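One structure coming up, written as structure tokens, with questions to follow.
Chains here go by letter, A, B, C and D, matching the order in which they are written, and residues are numbered from 1 within each.
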Amino acid sequence: MGKGRMEAFSDGVLAIIITIMVLELHAPHETDIAALRPLLPVLLSYVLSFVFLGIYWNNHHHMLACTRRVTGVILWANLHLLFWLSLVPFATGWMGGNAFAAFPTLVYGVVLLMAAIAYWILQQLIVASQGPGSLLRRAIGGDWKGKVSPLLYLAAIAATFWSRWVAMAIYVLVALIWLVPDRRIERVLAEPG
Amino acid sequence: MGKGRMEAFSDGVLAIIITIMVLELHAPHETDIAALRPLLPVLLSYVLSFVFLGIYWNNHHHMLACTRRVTGVILWANLHLLFWLSLVPFATGWMGGNAFAAFPTLVYGVVLLMAAIAYWILQQLIVASQGPGSLLRRAIGGDWKGKVSPLLYLAAIAATFWSRWVAMAIYVLVALIWLVPDRRIERVLAEPG
Amino acid sequence: MGKGRMEAFSDGVLAIIITIMVLELHAPHETDIAALRPLLPVLLSYVLSFVFLGIYWNNHHHMLACTRRVTGVILWANLHLLFWLSLVPFATGWMGGNAFAAFPTLVYGVVLLMAAIAYWILQQLIVASQGPGSLLRRAIGGDWKGKVSPLLYLAAIAATFWSRWVAMAIYVLVALIWLVPDRRIERVLAEPG
Amino acid sequence: MGKGRMEAFSDGVLAIIITIMVLELHAPHETDIAALRPLLPVLLSYVLSFVFLGIYWNNHHHMLACTRRVTGVILWANLHLLFWLSLVPFATGWMGGNAFAAFPTLVYGVVLLMAAIAYWILQQLIVASQGPGSLLRRAIGGDWKGKVSPLLYLAAIAATFWSRWVAMAIYVLVALIWLVPDRRIERVLAEPG
């Protein structure tokens, strides 16, 4: 079974998720600069989630570039990932609309953690389906980013009981870790043969 | 007439339907864990509908993998299916937002029943268009899942007059029946020739 | 310039337009059958607009099947068509939410009329770009449906001053005219060569 | 890395952005012609933003027609462009919903300016990735439109302190500059070889 429609469907869902978040940015009734003040945390959490969803789209893109065929189980693991990502707009809106209150900031971390776990499951299933000599396994190598991210999310979730700003700093740190270009997959794909 | 745009349009509509359901999950005004309590039925009905739409997308994917050409009548049968699926967010929101009240739970079953019938019509039209020796007919075989699902939906609809929890249990049962991997189509497609 | 992205973008916009209309179907607060009564005109106008957008998608699909290359002017004529179609959810919601009141029913007709004109302009530009022996011109032939529809929309718009039900009947008539299968394009495409 | 999914994702996001703007056109409660009066500025700003997003989609289409391969940095520059474009519905709704009040009209200009800068960055990165003899560099030539647009946006932003109508006139002027057909890219693509 080809991967074309799984890519197309994932692109569609991710495009919608990333875009409906902006509906949380309600146009204020006033028309002066002060009216934008309360929107600032909403905008900042939108930027953060936009970056996270961009990272997922990017990584998903690279992962499927290393994949030839998909099975029914892989289709469902992909839907499982999309499910957790579909909760990002809710968590973003709750956190941003309440100026990064502690509990919504915790929930935001839980959603990110579950999405990271879902991504890891999907990756493992694709590697397993490719058997020994899996192209994707070679491409991800030690996958230290994939291993350290869930730990950082857990740390951020715990930190919300102490300081929500520490939690936010950890979220930003995870985003930065992934934003730093990672040439592994591009290198493996460029190998002869 | 190629099937490419019918696939692309269906993917787009299904991606949007599956994603706008999450807009029913309104971020609460409070920021403590108690604020999530009233959202629980909304979340649970979202999960159920997400799984149902995932099943439809998955089956649609497999069905079109057995289809080469589409006619005008098939395009309309596909739109008919998408119409009933487009009512799923409404039924989900009404049922979830009222903690699985009896009548909305009945309406949810009616929408699922109509979608199942629309899927069956689409499948029959594709089989008919392929003539004797239809690849899709071989792939679906006895299609016991397709035959038993409408009966179960009818049972669930009737059960709402007695106990909505029985109705919900039947809906979950139908989802589980379809989630169990079904290798028929993958097997037929893998046959030589 | 290839037509692939114009098809993909049109499919995306049409899929979103057809789907966001369903957001007008607000889940009622009550949970009995009487709560569905006020939703009936909303649902009926949704069905009508779903059919109209389905017809446009279907015809667009067939038109582009007769098209090889697109120019900048054709891209803009296509966006012009999508603009008028994007107003369909507004007109549908206003008409359905007010139980087919006269003026919203008139506005609905104006939007359909403008979309029909935009479709005609797009079709003429594609025919012109194909030069003499245009495949699309052969496929559409006398195009009596394309010619009679704007006249019927005008009649419906005028009828709203007298009886909104006559106007609605004319809208349904136009939809039925287009729903009747039309084998012209499929026949021309099937010709040898 | 192929450009197919970047195109598909961009098409999806642009299709959603262009379509959700229409959700700002709330159906009024009254049903007479006077009820449409307050919607006029909303509709006009929707038309303007529809044209701007159409221009971006068109130019993006042409730019990628001159691009063969994309890198991770280009994927992110594309997401950066989509981010600023995703703020267009917010700015459009705020400006249109307040009858072109001065400060929202300024914010609208800022969003357009940032999108123009993001587009320019994306274009430069693609040109740089193609090395000397870049097809895209030949296609855009002196790129006077790309250079003059940010200056005009800055002028419009400044003009909002004096007259919002001058600012609006400048926005319309920029749209007209881009709407005038530009055969550069089509010419270069049509060159032999």
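Keep this in mind: contacts are C-beta pairs under 8 Å (C-beta built on N, C-alpha and C of every residue); 3 or more make two chains touch, one makes a residue touch a chain.
These numbers come from a predicted model, not from an experiment.
Between the two copies, chain B and chain C, the C-alpha superposition involves a rotation of 90 degrees in steps of 5.
Comparing mean CA positions across the assembly, the chain most remote from chain B is D. Note on chain placement: the centre of chain C and the centre of chain D lie 26 Å apart, centres being C-alpha means.
Per-chain Cα centroids separate chain A from chain C by 37 Å. Shown for chain A are the residues in touch with two or more other chains, namely 8, 12, 15-16, 20, 23.
Remark: chain A residues 7-8, 11-12, 14-16, 18-20, 22-23, 25, 27-28, 31-33, 36, 47, 50, 54, 57-58, 61-62, 65, 179, 181-183, 186, 189 touch chain D in the complex.
Within the complex, the chain A residues that touch chain B are 1-2, 5-6, 8-9, 12-13, 15-17, 20, 23-24, 71-73, 75-76, 79, 82-83, 86-87, 89-90, 93-94, 97-98, 101-104, 107.
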